[in-house]
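The structures come next, written out as C-alpha cells.
Same chain, two partners: chain A is paired with chain B first, then with chain C.
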Partner chain A sequence: MSALPPYATTGQRVWYYAFRVICALIFLFLIIPILVIIPLSFNAEDFFTFTPEMLSFDPAGYSLKHYRDFFTNPDWTGALYNSVRIAPVATLLSVGFGTLAAIGLAQSHVPFRATIMAILISPMIVPLIISAAGMYFFYSRIGLQGTYWGVVLAHAALGIPFVIITVTATMVGFDRSLTRAAANLGAGPIRTFFKVQMPLILPGVVSGGLFAFITSFDEVVVVLFVGSASQKTLPWQMFTGLREQISPTILAVATILVIVSIGLLTTVEILRRRSERLRGMSPG
Partner chain B sequence: MSDTTQTGPVLAADGTPLKRSLQRALRREKLRALLLIAPLLIFVLVTFIAPIADMLFRSVENDIVADTLPKTVVALKSWDFHSGEAPGEAVFAALAADLQVAVEAKTHTRLGSRLNYEKTGISSLFRKSGRKVKKWDLASDAPFREKFIKIDKDWGDVDVWRVIQTYSGKYTNGYFLNAIDMEKGPNGPQWRDESQQIYLMLLKRTMFLSITITLSCLLLGYPVAWLLSNIPMRTSNLLMILVLLPFWTSLLVRTSAWKVLLQQQGVINDVLVWVGLVADDNRLVMINNQFGTIIAMTHILLPFMILPLFSVMRTIPPTYLRAAKSLGATNWTAFWRVYFPQSIPGIGAGSILVFILSIGYYITPELVGGTTGVFISNRIAYHISSSLNWGLGAALGSILLLLVLVLYWLYDRIVGIDNVKLG
Partner chain C sequence: MPTATKEDGFVVFDHVQKSYDGEILVVKDLNLFIGQGEFLTMLGPSGSGKTTCLMMLAGFETATHGDILLGGKPINNIPPHKRGIGMVFQNYALFPHMTVAENLSFPLEVRGQGKSEREANVMKALDMVQMGEFGGRRPAQLSGGQQQRIALARALVFEPELVLMDEPLGALDKQLREHMQYEIKHIHERLGVTVVYVTHDQSEALTMSDRIAVFDDGIIQQLATPDDLYERPDNAFVAQFIGENNTLNGTVKAIKDGIATVDFGDGTLGEALAVNCAGVGSETTLSIRPERVDIGKESGPNAVPAKVLELIYLGDHIRCRMNVMGNDQFVVKVPNAAGHKHLVVGETTKVSWNSEDCRALD
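The block that comes next holds the complex of A and B.
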C-alpha cells in the first residue's frame, strides 16, 4: 500500500484513492469538532454557529468578549482557581507514591505481584460513576465529602494507574547492572537512586505525572459527587454551563483547554522519544 | 581449599551456609520491594478500594427497619401474612412505643421514605401517624390497634405489614431485585408491574449502545490504523497527531464541540441548509437522542480503538500480504485470510477497551443523550444525587461493576494488563 506500482489496474487505482479518501474523512471526523470551536469562540454574537459577518471575514463579526468574560466572571475565575489548586497537589501525591511503588514492582521477586498490580490499576478500569458513588458514600462516613482534601485524595487515586503504567514501562528497559555498578563503586541506595536511577526514569515519571495532571484537571464525575460548591472546578463549571445556561464562554474555555492539551501532547511525545533514545531504542 | 568446603555445606564469606545466606538476601529483597509498594497500596486501599467495598455493602445493607422499630420487629415475628388479617394488639402496642421514640429522634420519616421504595404510600402513612402518636400516652391510651386504623386504614392493610416484615432483616436482596425490575412478593421474588419496569430496559439499552459504539469505532478505526501502519514512519507520525490530539483534549471540550455541531441551530444543520439538502423549517434532530450519544461517544472513544489496533498492525510484516498475492490470492482473499487473522488481537484489545469505557459513561450521555440516549450510569447518578435511594443506586452500581470486572478479566487474558500502553 506504500506506493502504487506502475502496472496497477484501473480498479486498483480507484480503490487506492478511494481508501485514502475514506481515511481522510475519518481523520476529518476526528479533528474537525476540535478545530471548529476555535473560530466560534471569537464570535461577536452569543450564537453557537457562524454568523454571516464571520463567514465574510468582517472584523466586526469577531471579538474577544467571551475570553473577557472568562477572565472576569467570578464563576469562571473561581473554577479556574479551584482547578489549579486541586490538580497539582493530586498529581504530586500520585507521582510520589506511584514512582516508589513502580520501582518496587520492578524488582525481580515481588510476592503477589499480579494481585497488587490489579488493585493499583483498578481506578482506571472501574467506571467513573461507580468510583464516584463509592467515594461519595465512604467519604461522607469519614467526613471527607465536600472538602478540599477529599477531592484531592480522590483525584490522586484516579491518577495512580497512569503513573504506574508509564513508570513501569520505563523500568522495563532499565539496565539493572547500572545500580549494581553504582553500589560497587560505594554509593548507598539513596545516592544510587537519585544519581543513577532517577535521571534515567525521569521521562517516564514526568509523562506519568502529566497523565495524572490531565486526569485530575479534566475530571468531572468524581468531583461532582465528592466535592461541594466551594470545590467547583473548571470541568464542573463547563458541565453545569452545558446543561443549564449554555453560554458561549464555554467555547473560549474549550479553546484555551485545546491549547493546553496541544502543549501537553507535545511534551509527552518529546519525553517519550527522549526516553527511547536513552534506552537505546529506535527514535520511533 | 579447606576441609570444611569439601565435607560440610558451602559457606558464604561470613561463615553462614550459602543457602541460608541467599535465602536471607532474597527475603530482604522481597521485603524492600514490599516496603516500596506498601505506601501506595495502603493509599489505594483507603481512597479507592474501601469506597467500592462500601458501595457493595450498601447495596445489601438494610438495618433501618430493625433499628427504628426494634420492638415491632420482634413482635411481628410470629405474625403470618397468609392469615389475611393485620397483626394483633401486641404488635400495635410495640409500634406505638417504637414510633414515639422514632418521632423524638425524627427517624420515622426516613424509615417511611425507605419503605416507600417498596410500596408507595408508606411514606405519608408514617409521617401522618408520627404526628398523632407523639401525643399518646403509652400507659393509659391502650388499646392501640383501633386507634392506628382510625388514623389511616392502611394500618389494617396486610400488604403494609408484609412489607415491614419482609424488610425487617439486617440485610436484604431487595435492592438487587429492584435493580432487575423484581420485587419481594408474598410468594418470593416476582416481576414488577409492566409499567414500573425500567432497569432491564435500561441495561439492554446500555448494552446496545455500547455495542453500537464499539462497532462503529472498529469500523472507523480499522482503516485508519491500517493506513498508519503501512505508510512511512515520518508521515504516520504526523498523522498520528490527528489521533492523539483528540485523545489529549478534555472530554468536556469534545462534548461541547458536538453539542455545538449537532444542535438544530448548529453548524451541521446550517451547512446542510446552505447546501440545500435540508429545508430551513425541517432541520434534523441530531442531539438529545441516541444518535447524538452514538456519534459523540464514537468520536471520544475512537483513539482508544486506533492505538491498540495500530500497535498490533505495526508488527504484522507487509511481506506476508505480498507473498499471498504472489501465490495468486486476490486482494480480498489476501486481506481476509492472511492479514485479518493476524490483526485479531488488536481488534480484541481495542474492542474490549472501548466497550469497558463506554458501558460506564456518564457525562456525554447526560449532556447529549436526552432521555432516549442515557445509560445505566445516568440512573445511578440520579439515585444517588436526586432520588436519594442510595441502596438501589449501589445495587445498580454493583451489577455494572461485576459486568466491567468480567470484561476486565477477559482483557487481562487477551492482552495482559501489563501491556497497556498510553500514547
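The block that comes next holds the complex of A and C.
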C-alpha cells in the first residue's frame, strides 16, 4: 500500500490506518502462538510456563534437556522413525498419481472431467474425521488396517489433492503447441514427457509434493484410526504426550517442526521464482 | 514450376475430408498435389479449413476420409513424430526451459547424432538465419523477430524434405514481416526444400509463393500462380479476396467469341470476358481491378457514367471513390503522373475499361 495521496478524504485516511492495524492484529494472532513456544522449549523446568529465571534472562533458566529427551527417549525416536518412514513414501505416491491425474485432466477430450476432479479433490474438502472413519472401516475389511502400507496409502490419498491443484495450476500456463513441436521434431511421447513437459511443470510437482509431505508429517486423525501402535507417528506421539504426560519435549518437537516447515516453504518459493524466470515472466 | 500430378506429387491430398463433429465438413473433398521443392501457400479467411489441412499433413489431426501421401507413401497411419516434417508454429513453440542451441539440438539428439556433429549442424542452422551469437540465450531473452528466426532454424536443422509454416509471421510488425518474407523466400530457394505455408495475408502469399491455393468454406476456390490468381480470378470470391476489386452486377445479354455483353439494368451495356457466367439471361458479377479503369474517355463500348464521391491523395496515386451503376464503392486509382486528369468531388464523368480486363464471374 503506497503513501496517502494528498487528495485523500477523511474516510480514506481513517481506513488507511485502520487497515494497517487490522493487518498487524492478524499477524499477531497468527504468529505469536507459534513464536511463544520457541523460548519455552528451552525451559530448564518441566513446565509450560516462563519461570522467573527465564524472564530475568538467567542462563540457568535455559536448557537443551527437552531436545535431548526428544533424541534419546525411545517413544520419541520411534515416532520420528515412523514419520520419516511413512511421509516420503506417501509423498512419492501422491506425486506420481497426482501428476498423472492432473495431466490427464488437462486433456480436453476426457469425459466427466469436472466430476473426476471433484472426487479426487474430495479428501481435502470432506471433514478429516469422516475420511478417517471411512478408511478405518474399508481398510479393516481388506486387511490394511493397522499396517504400514495402510497408513501410507491413507496419507497418499490425503496428499493427492495438493499435487493435483498445484500441477493443474502450472499446466494452465503450459502451451500445448510445445508438445506438438516436440512430436514434430521427432520425439516420441515418452521423451516429450520427460524432456519438454516435465521440466516445465516441475515447480508445480515439487511444491505439490512438499504440501503432500507436510500433510503426512502433520497428520494425526487418520493415523489414529488407520494405524496401530507400531505406526505411531510424531503427531500421534505429540497428541498422546499432551494427554498423558505434559512434557515440554512437545515444545522442542514443535520448534523443530516449525523450522522444517519454514525450510520447506522457502524451497517452494525459490522454485516458484525459478519457474517464472524460465517462462520469461520476469527478466532473467 | 511444373504442375505436379497425383502420380508424381511429393505431397498428395487425395479426396481428403475432415469433420470435427461428424456433421459439418471443415474440409470438403480436398485434392491437392504439391511438387518437390515447391513453395505452396494455403490462403484463406479464418475458418476456411487451411490450418486444418496443415495439421492433417503434420499429423496432429486425422483425416475423416481420404488419403494423404508424402513421397508416394500414405501417411495417415504414421504418428507425427515419425513423419520427419519440419514445422514453424504460429507462436513459435520454442522450448522455454532450453537455450537456443539446446532447442536446435533437440531434433538432432532424437535422431541420435553425435555431439560434435550436432554442434556443427546447430551452428550452421543459426548462421543461416543470422543468429550465430545467440546460441546461449533463452527464448524469453529474444525479441519476437529473433524467436521467429530460431523457430525457422529449428524446423530446418534436421534437414527435412518438407517444412510446414502456420502463419509464422503473424505476430511481427509490418516492416519485420516484409523483411522475413524475403528471407524465407531466399532460404527456400537456396535449400530447395518443399514448403507448405498457411496465411490469411494475401500480400504475403503473393510475395513468396510458387503457387497459391485459395481456400474458402473447406474448398480450394482456385489453385494458381500469384499472377494468374491476381489477373485471372476464376470466381467472385477469389477476385474479392486477392487484391482490391470493383464489382458491377448485371444480366448477360449475349455471349460472342468469349466476350459477354452485360446489361446493368437500365439499358447501359458493358463488355467483359465470359469466365464463369451461365448463359444468356443469367445474373453475373463483373469484376475489374481499380488500376485497370480509365477515367474520362467519352466513347468506346465500355464507357459508363460515374459520379466522383471522394478523393484521397496517396502520393504516387490518387484514390477515387465513385458511384458507378448504383455501386458507390467503385474505386479507381488515378496515377499521379504528369498531366493526369484533375477530378472534383461531385463531378460526373465516364469510366471505361478494356473488355479483356473485366471478368464476368458467378
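Keep this in mind: the second predicted complex is superposed on the first by the 260 of 284 C-alpha atoms of A that agree within 3 Å, B and C clash if a C-alpha of one lies under 4 Å from a C-alpha of the other, contacts with A are read in each partner's own complex, and residues count from 1 in each chain.
The working rule: contacts are C-beta pairs under 8 Å (C-beta built on N, C-alpha and C of every residue); 3 or more make two chains touch, one makes a residue touch a chain.
These numbers were taken from a predicted model, which means no experiment stands behind them.
**Student:** With the two complexes overlaid on their shared chain, look at chain A and say whether chain B and chain C clash or fit.
**Tutor:** Overlaying the two structures gives a clash between chain B and chain C.
**Student:** Go through the superposed model and pick first if A:200 touches only chain B, second if only chain C, both, or neither.
**Tutor:** Once the two structures are laid over each other on A, A:200 reaches chain C alone.
**Student:** Contacts for A:37 in the overlay, against chain B (first) and chain C (second): which applies, first, second, both or neither?
**Tutor:** Only chain B is touched by A:37; chain C is not.
**Student:** Is A:5 contacted by the first partner chain B, the second partner chain C, both or neither?
**Tutor:** In the superposition, A:5 contacts neither chain B nor chain C.
**Student:** Looking at A:74 after the superposition, I want to know if it touches chain B, chain C, both of them or none. Which is it: first, second, both, neither?
**Tutor:** A:74 contacts neither chain B nor chain C.
**Student:** After superposition on the shared chain, which partner residues are touched by A:128: those of chain B (first), chain C (second), both, or neither?
**Tutor:** first
**Student:** Using the touch definition from the top, say if A:188 reaches chain B (first), chain C (second), both or neither.
**Tutor:** second
**Student:** Who touches more of chain A, chain B or chain C?
**Tutor:** Higher number of touched chain A residues: B.
**Student:** Tell me the contact category for A:101 with respect to chain B and chain C: first, second, both or neither.
**Tutor:** A:101 sits against chain B, while chain C stays out of touch.
**Student:** Need the overlap of the two footprints on chain A, from chain B and from chain C, as residue ranges.
**Tutor:** On chain A, the residues that contact chain B in one structure and chain C in the other are 284.
**Student:** What does chain B use to touch chain A in their complex?
**Tutor:** These residues of chain B touch chain A: 26, 29-30, 32-37, 39-41, 43-45, 47-55, 58, 220, 223-224, 226-227, 230-232, 237, 239, 241-246, 248-261, 263, 265-267, 270, 299, 302-303, 318, 331, 356, 359-363, 366-367, 377, 380-381, 384-385, 390, 393-394, 397, 400-401, 404-405, 408, 412, 417-418, 420-423.
**Student:** Can you tell me which positions in chain A touch chain B when the two form their complex?
**Tutor:** Within the complex, chain A touches chain B at residues 1-2, 12, 15, 19-20, 22-23, 26-27, 29-31, 33-34, 36-37, 40, 47-50, 93, 97-98, 100-101, 103-105, 107-111, 116-123, 125-139, 141, 153-154, 156-157, 160, 162, 165-166, 168-169, 207, 211, 214, 217-218, 220-221, 224-225, 235, 238-239, 242-243, 246, 250-251, 254, 257-258, 261-262, 264-265, 268-269, 272, 284.
**Student:** Once bound in the complex, which stretches of chain A touch chain C?
**Tutor:** Those in contact with chain C are residues 175, 177-178, 180-189, 191-192, 195-196, 199-200, 278-280, 284.
**Student:** Where on chain C is chain A touching in the complex?
**Tutor:** Answer in residue numbers: 58-60, 79-87, 89-91, 93-97, 106-107, 110-111, 138-141, 154, 158.
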